[in-house]
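Structures follow.
After this come two complexes, each holding chain A, first together with chain B and then together with chain C.
On to the complex of A and B.
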């Protein structure tokens, strides 16, 4: 009898879990910058990042298509895809992580959260730890922040002839505005 | 008792599945994210790195606002050996500027030592290879003016006699990751011909250009192009042009090192006025240096 009760409670909890509340965007902005001073700026912006956040537990996933990164210089964009990111083989990068102790109820103005997760680029997984700012306005969730990655970590080979022109530490900035998923 | 143990077993099973359920949920989140994607931008590998395969035009067009400088050298035939240092003493040089005026449209201007030829060219990209179109298609046209002909030597020379034209349809496709092939139906018009070479009047000529590249690594490829001439007289001294070379890309530069039987680099001349014969070793070394600004 007792076990049946536990099971019922468990099932109820599970069903609650299944009706999780989620927020998402298809037009998140992901930028990166790998410029070295005195050389041509190396930066690009992707305005079609998809992001999905489960507000019950703070689980968050996001995805960018490499071909969606826009450079000022078209040739640089071609080289980015062809020579560095192998976009033909690895068309997208994904992130899967968690906003620690996230609670939509206690969110009001600006809040900082620890974001931990795994970034997958070119099929190589790397742990990422950073702090992002999260705020809620008109039932929209705004997430922004930045972190650094090493080109080395993702097997991005830079030929010696242009090694001085590309930063080894690449800054990735995110700016996402999520709306409720119904 | 037996009934109870079944229940217990069931509970244990359910409990043991929970961690997997949680795991599955996170993957569900990724799957749900996937379903959010609408039109996924796809990267199509460019068929060629440079604007020419070797001598033949490739389907690549200068991007809008980009300025390219192409310096091409074609040396003398190798077989003369050390006497003229494997042809280095007989260099023909073409200096060319190319500009991306509009998206998909490039204009070019050049001067080739061969017959002191000035050229104006235009290339327009019609299609890019994608899910919808299986090939890259570009249209190319050139006007070449021979400024070497002297009126003092040829009193009957008219200005129009100096001009030659080409019109080319370039179609290429990249296969798998490494191989790209191109075919190019070409029309060439010469207003003036040297009958000592052509034997008969063939002012209008049709050719089929063919070319390809095979990538040996990300920045190195093996290239080849050839054009078959349908119109030339079988006794003509002119040969079909064949070029074999490599592309070496280093960021903003592409170096093209090649061997060819043609001494000219401008379109109408290399296509229909090539005199070297590969089978007799009449091959020249040459290179194109492509620099983007």
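On to the complex of A and C.
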């Protein structure tokens, strides 16, 4: 009887411990850049990205709202939402993946990790493989990196008249500062 | 003859002026910066709980809309606040947050960017304090 009680208490404590192993942010920065040389810069920044990282196993999920991308130019922002991304039908892009061999204990100053996962934009899934830098400072986890995606992989139709002004390979950069989730 | 010549040159100068004015105004139009939240009339103003219900009902209608919400501050973070535990307001200017304390009633205006399924909350950005 006593041992079961102890076992139950141990399990409860363990589950509490496991729950406390999540880090997150609501204001991660995701940027993209699709400029071609000699043309107007095509870039936008989203500073409302939600990211959740499970430090027990390195699983990471993130979510970017299309309406959260801010352009310098109002017309460009309107075209992005209405013509290219169909933001009302597909309000967000998600990423589900894993930092390979992640361990918070062995993290010290600066580390590189392989990030593998599935990126979903406009309902279309695509595998992403990249290397990100991860560091811990004052109980905060900083993740940063960049990777390229193709516009036509995600059914983003670019009219022929401006096709030359938009890069085919779009660079996405991420910069997240995660705090412990209580 | 002379007056015809005069007319012609006047016409040329006039058309050049018209063309340049229109080019300048078209350029200004296409290079306009997006409107700030301050300058946009809110599509909705009211209580956080009621708004929560409206968004659950028809999310896509509210995306990108500017709204003004009255609610109780249930959490204060570095870059934003949580209203009634369900609406997260990310602030444009982090200094604004310093004056906010937990449990106070507040009116904020911001742009709805979506429903966050990871944290189960509505997300507004570019928020400003109204009251």
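Just so it is clear, the second predicted complex is superposed on the first by the 162 of 182 C-alpha atoms of A that agree within 3 Å, B and C clash if a C-alpha of one lies under 4 Å from a C-alpha of the other, contacts with A are read in each partner's own complex, and residues count from 1 in each chain.
Simple rule for what comes next: a residue touches a chain if its C-beta (ideal position, glycine included) is under 8 Å from a C-beta of that chain, and two chains touch if they have at least 3 such contacts.
None of these values were measured; they are calculated from a predicted model.
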Clash-or-fit label for the pair chain B, chain C on chain A: clash
Chain B versus chain C as contact partner of A:175, first or second or both or neither: neither
Which superposed partner A:27 touches (first chain B, second chain C, both, neither): second
Which of chain B and chain C A:54 touches, first, second, both or neither: first
Which of chain B and chain C A:35 touches, first, second, both or neither: neither
Which of chain B and chain C A:120 touches, first, second, both or neither: neither
Chain B or chain C, by number of chain A residues touched: B
Which of chain B and chain C A:159 touches, first, second, both or neither: first
First (chain B), second (chain C), both or neither touched by A:146: neither
First (chain B), second (chain C), both or neither touched by A:71: second
Doubly contacted residues of chain A, that is, touched by chain B and again by chain C: 24, 26, 48, 50, 52, 61, 63, 65-68, 73-75, 81, 87-89, 91-92
Complex contact set, residues of chain B against chain A: 7-8, 11, 14, 21, 25-26, 29-30, 32-34, 36-38, 40-46, 63-64, 66, 177, 218-219, 249-252, 292
Contact set on chain A toward chain C in their complex: 24, 26-27, 47-48, 50, 52, 61, 63, 65-68, 70-75, 77, 81, 87-89, 91-92
Chain C residues within the chain A interface of the complex: 29-35, 59-60, 63-64, 77-80, 88, 90, 111-119, 123, 125
For the chain A and chain B complex, residues of the former touching the latter: 3, 6-7, 10, 14, 17, 22, 24, 26, 48, 50-52, 54, 59, 61-63, 65-68, 73-75, 78-79, 81-83, 87-89, 91-92, 94, 96, 159, 161-162, 165
